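In the two assemblies presented below, chain A is common to both, partnered first by chain B and then by chain C.
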Partner chain A sequence: MLSTLNKWFERFAETSFTNPERIYRSLFYFGTTIFVLFTLFPFYWLFVLAVTPNELISNMGPFPKGFNPSIFVTVFEQLPIHVYIFNSIVIALMVTFAVITLGSLAGYAFGRYDFKGRQPLMLTILVISYFPPAAFLLPLYRLLTGNLELLGMATPDLYNTPWAVAFPLSALALPFSIFVLTTFYQQIPDGLEDAARVEGTTRLGALYRVIMPLSLPGITTVGVLTFIIVYNEFFFSFLMTDGSAENWSPLVWGIAGIIFEQQYTTPYNLMAAASIIGVIPIAILVLIAQDKIVSGLTAGALKE
Partner chain B sequence: MPEHSSPPLWERPIRFVTFRVEQLSDTQFVYLLLSPVFLLLSIIAFWPIVSTFEMSLYADSLTDPSPIGDFVGFANYVDLFTGDLNALMPRPFFSLENPLQSALIVTLVFTVVSVTIETLIGFGQALILNEEFRGRKWFRVILILPWAVPIVIFGMMFFLLFNSTVGFGSEILHGLGLISTTPFNSTQDSLLLLIIADVWKTTPFMVLLILAGLQSVDRDLYKVAKVAGASRWQRFRYVTLPLVKPILAVAVLFRAIQAMRVYGVIEVMAGCNTVPSLSCMVVGSFQSRYYGTASTIAFITAAIIGVMALIYIWKFREEIA
Partner chain C sequence: MAQVTLDQVTKRYEDVTAVENMNLDIDHGEFICFVGPSGCGKSTTMETIAGLTLPTDGEIYIGDREVTNLPPKDRGIAMVFQNIALFPHMDVYDNISFGLRLRDYPQDEIDRRVERAADIVQLEGMLGRMPEEMSGGQRQRVAIARAIVREPDVFLMDEPLANLDAKLKVHMRTELQRLHKELDTTIIYVTHDQEEAMTMSDRIAVLNDGKLQQIDPPLTCYNEPDNLFVAGFIGSPSMNFVSGTLTDSGFESEHVSIEFDASALDVNIGAEVTIGVRPEDIYPTDDYELDTLTRTLTVDTEVLEPMGDEIFVYLLLDDDVETDLSGGVTPGQLLMSVGPDSDISEDETIEIRLDRSNIHLFDAQTGEAITHSLSTEWSDAKQQQDITQ
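For the complex of A and B:
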């Protein structure tokens, strides 16, 4: 046994001297396989725990200890996970709409005009994106819960409405989107807009008829990324809502709530099943829009 | 003909706006476009930052109905480092006797260790992947998936992997002698698990960024180097590395800033008492209505990130610019 292994190894060493490409090939398969297994295992693990009946969950091996698919129905009876997901989607759509509208105006200005103050203004936006969410928390909490006076009037109490989460998250998502959109607008050739302007189209007309259609791919990219970022966010989604589904609490509370509210037994299978259900909308989006996500992420992260 | 001279009523405001915009100079037009963004940002970003700083100059008010006490200047900052505010907090902010219990050190250790590991593995994997192979499209989906998992579910995944009742993950690492049997009761063990979790979530993202950098390298350069007799290592050392360095520098900075803010995954996975990161401390003291302390920690976190970013940008100014 050992001698065959030894022989095999010798042969491998010999071919690798004569044919180094082969070593790289095996390195490629080895590294990639480990990487894929490492990445996919936690998803598989959620599935294992979800289908194992809860009373059997202890000292688990790598395989399910039973098969109980009805858990995916029980989840909806135990907690309104679909309402939490719905709330998250509504908040994500609100922020996405705000970010696309405001971000494309700014991206257009930064991407197509060279004006005094361009550099400092872009730098300011970059600096904001460096600040941790914790540095915004207290003032925004007091502002959005109606505990501040502005011009002699108390601010409206937005706590437990989607606005309390959507406002802070727009600030968080805007800088990144502005940078991605600036890059996209820069790539539109100057000639097209100039031609439209020479032919007598107004400034806004050129923006609407020439620039908007051409920047549609960029806008969809930013839209998809913003949606995912907001759907996934934890900090403000957690702190700006009280946790009940009817008060617009997002997915964060649907999942974390199971941990905080557990009483005598920990419902591991419920936790796993709820997590799987919560990840499905995002997984679908990733499958559909993977090209957009990759181009947006690399453009955004590398520009900043 | 009257229809031509007077447009329909609903078009009049649009025409008016279009006309007025046409009259503006380029600079005026640009600032008109930028004004909504900066208006929103001043309410939900600039003002909160200033206000947080202002609040950090006031003492906590423990008895008053208003949570903000007397003006104390920079006393909160001094007290945080000398340990005079520790009584208010579940864990000290900074302490050399118990380094792994104090927020500042835990956060810095987490940031340095996880970003280093992620960059090394990410770079290695990106180099391996930098060639054509079948199933590339599917592989890309696998790379994006961990990045796209909501933080709360990400925390839940690793709670379920390493929870001592469930077993499996914690048993394997315990068998290797890395952690105790109940890892979520110990800061040291939880920190290790947190780093493993973070490596899982962000390494694929690093691969994606570095791969984009590698693919922007002109293939002809490799051919030239090969013809000139450069070995694979030399091609890596003198062609790939210098060209990828700027992207690597930006990616590391980007990741380190994110790592310094770590919060949600801790809350779900191990609890903020076990792994007291800086953001955990801000939330903790905010929930106990210690507004002065909370804003001081928040502002110190922001300042550390700022200084880190400045030093880094200064050091790598040629690569980044």
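For the complex of A and C:
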């Protein structure tokens, strides 16, 4: 037994000298497999928890202790998941739209316009983006719930509206987006913008018709990343809405809310099922945009 | 009708003055070339006309309108860029029709005009292609079609042929001239290639250090340059210069002296002057066709450059001078152009004469031209003396 193993190993070593391609390939598959297992395991685990009836969830091993696929229907009876998902998508779209619009304008200014104080201003934006978001929490809460007086007027009460979530998240997502879009817009040759302006656009028109279409990978990257961050966000939405679907609470808050509703048990299977359903929109989005995201991330990294 | 007028246009950047007090009057239908070395301000001047940069001072008129502060789109201009600048995300049709679509032309009008423009630059059947699928010359033609399709009052072309290979360049040059005749619009053309400027333009504007040096028809710039810069810049190979002083009897320098009646000129005796003579106005002594030649000069031939239709001969006035072929003619050296049958060889001593009627005299201080031809009566009398002696 030992000798056959020995022989096999000897042969393996020999072929790896004569044919190193083979060992590279096997190492590649080995690495990829481990990576895929690591990333997919949480989803598998969610699935295991979802299909195991809740009363059996304790000391869980790697396999489900029962099989209850009807949970994926039950979860809709217990929780308006579709409304939560809708809320999340609306808020994420609002933020993405704001970030791409404002980020493009800022990126154009930083990337293509020479003005005094450009460098310090860019640095300031980046520095602010490293502040912990929690630091802004109390002032933002007061501002957005109408508890602050600005110029003698009370700020509007945005509690339980999508705006209360979209405002702070847009502000938080902007610095990184400005940074990425600046690098992209910088790389568009001056001649193209000049050509567009001579042909009949304004500077903004050139941004919209020439610079932005040519920076599509960058814009997609910024858009998708922003969308995902907002879709997955819990912290600000937890404070700015009350957790009910009709009051614009997003998905993650809705799933977390399951814990608060039940007093004596925690319905892990419900939460797991809701999470799996909630991932679907993001998975579809990433599948559609993945080509652009990859080229966007690398193009930003390898600035010529 | 679109004449272009620049009135005292100045463009200053933080520490550089790119264009200084530029005054230009360009007539409708004229083909004007801006020439000059890199960094002379020719592109900046064009950008101020296009409106891509705003001048620090001065006014610009296109037609009867003042356009100094108008954005490029409202100036009635079209431009062809040095780097061609086609929009890479649009096909040829979209590129050409870009300006028309922005101006909301009706679709059938757009189609008609695009077709005609494509016809003029011979791009039929390529309207569906993307720029990346085309060769340099084809892209260039698309860029020109994009400019002509809007039927602008003024065409601006910023070194449009700079990135093309030599053969295509010559071809596109004739195309552009044909186009100019066909369209009857004003064309302002920037180039550093004086051959392009000489062959294509009605007038050449020579620029240096942000200042206009001369604006005249090509042959006037060649035969009667206003100053040392124009004299040296126009013409290839460039003019020979010898510096010296003006005396009662003419021009004196270490190696060359030429007799003429200096009192007839508007310049003081004893002034520092430079004479300029083109390579083709220097003749070996055995060539007696002309009766306006100077006295003979004894020189050594050094290097011969046979060009096929002519031979360039580098002549040494002084044995100490070392030839520097890279920078053209150095002081103490002359460049002569002789016919292809000449039997001159390297490293021999020969005698040459200059054509007096084509000797230019410049004030060495200001660089301004004093005269473009030395009096020939004087030379006749003198030469008679020489011969009788």
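Following the convention adopted for this analysis, the second predicted complex is superposed on the first by the 245 of 304 C-alpha atoms of A that agree within 3 Å, B and C clash if a C-alpha of one lies under 4 Å from a C-alpha of the other, contacts with A are read in each partner's own complex, and residues count from 1 in each chain.
Everything that follows uses one rule, which is that contacts are C-beta pairs under 8 Å (C-beta built on N, C-alpha and C of every residue); 3 or more make two chains touch, one makes a residue touch a chain.
Small disclaimer: the values here were computed from a predicted structure and weren't measured.
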Touched partner set for A:L192, first chain B, second chain C, both or neither: second
Partner chain(s) touched by A:P213 [first = chain B, second = chain C, both, neither]: second
Touching partner for A:G200 - first (chain B), second (chain C), both, neither: second
First (chain B), second (chain C), both or neither touched by A:Y113: first
Of chain B and chain C, the chain that contacts the larger number of chain A residues: B
Touched partner set for A:P132, first chain B, second chain C, both or neither: first
Touching partner for A:L5 - first (chain B), second (chain C), both, neither: neither
Where chain A meets both chain C and chain B, residue numbers: 202, 205
Residue ranges of chain A touching chain C (in the complex, touch as defined): 189, 191-192, 194-202, 205, 210, 213-214
Partner chain A, residues of chain B touching it in the complex: 17-18, 21-22, 26-27, 29-30, 33-34, 36-38, 40-41, 44-49, 51-52, 55, 124-125, 128-129, 131, 133, 137, 139-153, 155-161, 163, 165-168, 171, 200, 204-205, 208-209, 212-213, 232, 247, 250-251, 254, 257, 260-261, 263-265, 267-268, 278-279, 282-283, 286, 291, 294-295, 297-299, 301-302, 305-306, 309
Chain B-touching residues of chain A, taken from the complex the two chains share: 20, 27-28, 31-32, 35-36, 38-40, 42-43, 45-46, 49, 57-62, 98, 102-103, 105-106, 108-109, 113, 115-116, 121, 125, 127-128, 130-141, 143, 167-168, 170-171, 174, 178, 202-205, 228, 231-235, 238-239, 251-252, 255-256, 259, 266, 268, 271-272, 275, 278-279, 282-283, 285-287, 290, 293-294, 297-298, 301-302, 304
Sites on chain C touched by chain A in the complex: 50-52, 71-73, 77-79, 81-89, 98-99, 102-103, 146, 150, 156
